[in-house]
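The structure under discussion is supplied below as structure tokens; questions concerning it will follow.
For reference, chains read A, B, C and D in written order, and residue numbers begin at 1 within each chain.
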Amino acid sequence: MSQPVRVTIWNEFLHELNNDTVRKIYPHGIHHRLAEGIADYGDFDIRTATLREPAHGLGSELLDETDVLIWWGHAAHQEVSDETTALVQQKVLEGMGFVALHSAHFSKPFQRLMGTNCSLKWREADEKERLWNLQPNHPIMDGIPEYVEIERAEMYGERFDIPTPDEILMISWFQGGEVFRSVCTWDRGNGKVIYIRPGHEVYPIYHQPEILRIIANASLWARRRVSISMVDAINFQPLESVPNVEKRHILDPADTD
Amino acid sequence: MSQPVRVTIWNEFLHELNNDTVRKIYPHGIHHRLAEGIADYGDFDIRTATLREPAHGLGSELLDETDVLIWWGHAAHQEVSDETTALVQQKVLEGMGFVALHSAHFSKPFQRLMGTNCSLKWREADEKERLWNLQPNHPIMDGIPEYVEIERAEMYGERFDIPTPDEILMISWFQGGEVFRSVCTWDRGNGKVIYIRPGHEVYPIYHQPEILRIIANASLWARRRVSISMVDAINFQPLESVPNVEKRHILDPADTD
Amino acid sequence: MSQPVRVTIWNEFLHELNNDTVRKIYPHGIHHRLAEGIADYGDFDIRTATLREPAHGLGSELLDETDVLIWWGHAAHQEVSDETTALVQQKVLEGMGFVALHSAHFSKPFQRLMGTNCSLKWREADEKERLWNLQPNHPIMDGIPEYVEIERAEMYGERFDIPTPDEILMISWFQGGEVFRSVCTWDRGNGKVIYIRPGHEVYPIYHQPEILRIIANASLWARRRVSISMVDAINFQPLESVPNVEKRHILDPADTD
Amino acid sequence: MSQPVRVTIWNEFLHELNNDTVRKIYPHGIHHRLAEGIADYGDFDIRTATLREPAHGLGSELLDETDVLIWWGHAAHQEVSDETTALVQQKVLEGMGFVALHSAHFSKPFQRLMGTNCSLKWREADEKERLWNLQPNHPIMDGIPEYVEIERAEMYGERFDIPTPDEILMISWFQGGEVFRSVCTWDRGNGKVIYIRPGHEVYPIYHQPEILRIIANASLWARRRVSISMVDAINFQPLESVPNVEKRHILDPADTD
């Protein structure tokens, strides 16, 4: 644990270029804001990547050297190639952590890892959100109080179309009358996947310390611990005596299971 | 519950045509054996479909009228089109049950629903398998004793690369020294997914009453209860007064979340 | 499933005797109101029992003939004897369903089954509650819309000190700013435990059809399926050949594990 | 995390005094063997306590200064007082970790935390056990290979009467034909509970490095992170405007929920 956690922050990086409001809040892009913001809460070695770079900035080598990939996307999910989506999925299954932020619920890698559509209700009405902390003892909740308030937020409401989370750490209350499972975790292969709802391009939520701390804690917690590829089935010799271990495949020697 | 459960049994249906051993065990195909076999344990309205039919025999209309889809595939998973894979996934998310049998762990619809590779260890050595019943009170275990033995089985061993199951109903012991989570369930959208390990093309396992009963019970339990499409995000009006409900989208009216 | 589900409704039955407001709402007691109310939503064979009857009205024979025990208590949890608490726990572990309503979160049988204190935040302020339906496909949500509103409710807020639920079916939103996991299920032994938050002695919540239907659905779903006592360890003979099966206990033949 | 983890190892400490075979294997008691054994795998500050000390060696102050309590008992579970059982439970709910070893499945604190009987099958036949690692990425599996073998073990078999574990990290295979969920975790209040099957008084299993490492890893992972008492309900003032916040309790001001 004395090694810094190698984090790659991926950002779509379109709103910041096209929209004055967003640029004012995140002048160097959401990715650089997050990089600055989480640095206070852990020992990280941070790189960034964006959509319009070649291969979206995400090669196999970079991901092998990434302990946690943080993902922010909103307006251009479909521009992410199937190839990159599959690559990210495989790296997670091998052991890389994956932190999906806010509108990344609809990102292709998150949908692929979940196996569901990840749809939800939404509304932009400058309303208040209050996130309740359900597991104060969880490392991702380290330093997080009983609840966190966001003064102006986009609403996300249930039913959030996700598989049963392994852990639900925070549930949001919205002024307009909805609730949402806002911080959830899942195991996928040897990797950890975390969804963190707060964040938006036109609200300065990634300037709010509690939110940055949750993202930092999640990155520490989900860091890669192993690198194990599990794509293929393994023909395994018995560890105990069995009657016909010498028996050959009956059908097709090319079968893999 | 007085209505019969509408089951569609999908079979790759290649081994039975190409291999004498298999044909002897399943002369009319695994799909017809399963259709006969489960009929004793529930009120089912059964159809079948196979790989080499047009669109693999699986159109949108048929799936809308299907409460549970049972899937058997082994040698030709890659022949299943991406289009059919996506269609099956969406129908599950809408509420259709999905029962993946044995080597269907590597089928494209199961992998897509899991979000993982679903890899495992395997061995064909005519060895004994004993499945232990962990939840005798579960409807899928109705009528199933404390354990079920299969005299000659293919081994599947851990680590099985699946997401944390919502429920683990049976764990297998193998003569050669391995264990396996053999009957597992997951929620995906509004549908239930069940994996049932026992079965093989060259062992007459789908003639064994306990195994047929587990498959029948799973089909009863996973039957469709709703039909709700959840592909898109829903822009939802507030149920309580909020300050800026009239506020319009700031960025792009085409955004959907 | 053609047999009626045998439900025993247990009520503390004190508020209805001592308090005019409560008596006006539940003139024959909450237990009789519930008995009437759930009858519309399933085929039940209902008995009732109350705190001040001998042995709290709950003998071993009655519980053996009970498929689901519904529990309402509030002001006198400590009057329930340890003996009855242990008896109820054992009957649940054998296969009886247990539905804990509202303030029964602090009942001794529920605490015993959970292993936690089941504490929470609360407030009586005549405020609005809205319960969001997270699993429209679940049998307990049969006939329940996307959300249910209760115009005047007591608030219960997180952190609710319960073990991780096996299933979270509804989450409540409260006008005052809190959220709560309001309909949850757990397996305990061979029995199902369900907690259902709505209800109160001075609000007429058990006259509200959706709430009665949730309680009825829960009772159908949690009905006893087996009766298996699992108190003692079982000295089990090997099913496969092992080297020293004849070996005797080394220490004390009275040992049970 | 630079602080040592304060571990208290509790041992019944009877077999070692009464039985020559056991004394030979654990001359200073199982508690001291464990203390030595885990020290190689983490920075621990270790104390011990035993059954026949006053108050079983476990006062409230000691437990407040304990991050993780490891529990070994076998022949005298019933000698542990109800008072100590309740105290240990409360300290776990406040945030102390609890590691139950082998025959501690029947210890009063473990049963109380689980809410079930924790019964199982067992056999002493000098047989082989093989524990399969299901989550190589989990901190408790740090340094643990794909499987661990124990040459001579007591068998524990399913159905193990425990609540659905939050995590199942290892499943055992036994030579005689059984399986067992051998390393499991649960949240209880703010504490983590871990059950670790391997170990026995007459087999030298606590001299086996992999087993010691699992216990050490579990102790690191389950260490106290918070100290929050959650016994009572909290009357909570609203965070948002509600119509009748000034409303008083209607029934009895002594009510606590």
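Going forward, a contact is a pair of C-beta atoms (placed from the backbone, for glycine too) under 8 Å apart; a residue touches a chain by one contact, two chains touch by 3 or more.
Everything numeric in this text was worked out from a predicted model, so none of it was measured.
S.K.: Among the chains here, which has the CA centroid at the largest distance from subunit A's centroid?
M.R.: C
S.K.: Looking only at C-beta pairs in contact, point me to the busier pair out of A-B and A-C.
M.R.: More contacting C-beta pairs are found at A-B.
S.K.: With chain centres defined as C-alpha means, what is the inter-centre distance between subunit A and subunit B in Å?
M.R.: Roughly 27 Å separates the two chain centres.
S.K.: When the C-alpha atoms of subunit A and subunit D are each averaged to a single point, how far apart are the two points in Å?
M.R.: Once rounded, the distance between the two centres reads 32 Å.
S.K.: Report the inter-centroid distance (CA atoms only) between subunit A and subunit C in whole Å.
M.R.: 36
S.K.: If a residue has to touch 2 or more other chains to count, which residues of subunit D qualify?
M.R.: Only 130, 136, 157, 159, 164, 166-167, 175, 177-178, 187, 239-240 qualify.
S.K.: Given the complex with subunit D, which residues does subunit C contribute to the contact?
M.R.: 15, 19, 21-22, 74-75, 89-90, 93, 103, 105-106, 112-117, 119-127, 155-157, 159, 161, 163-164, 166, 175-178, 186-189, 201-202, 230-240, 242-245, 247, 249-252, 255-257
S.K.: Report the residues of subunit B in contact with subunit D in the complex, numbered from low to high.
M.R.: Checking each residue of subunit B against subunit D gives 130, 132-134, 136, 146, 157-159, 164, 167-168, 171-174, 177-179, 181.
S.K.: What residues on subunit C touch subunit B, complex-wise?
M.R.: Subunit C residues touching subunit B: 1, 95, 130, 135-139, 142, 147, 166-167, 175, 187, 190-192, 225-226, 228, 239-240.
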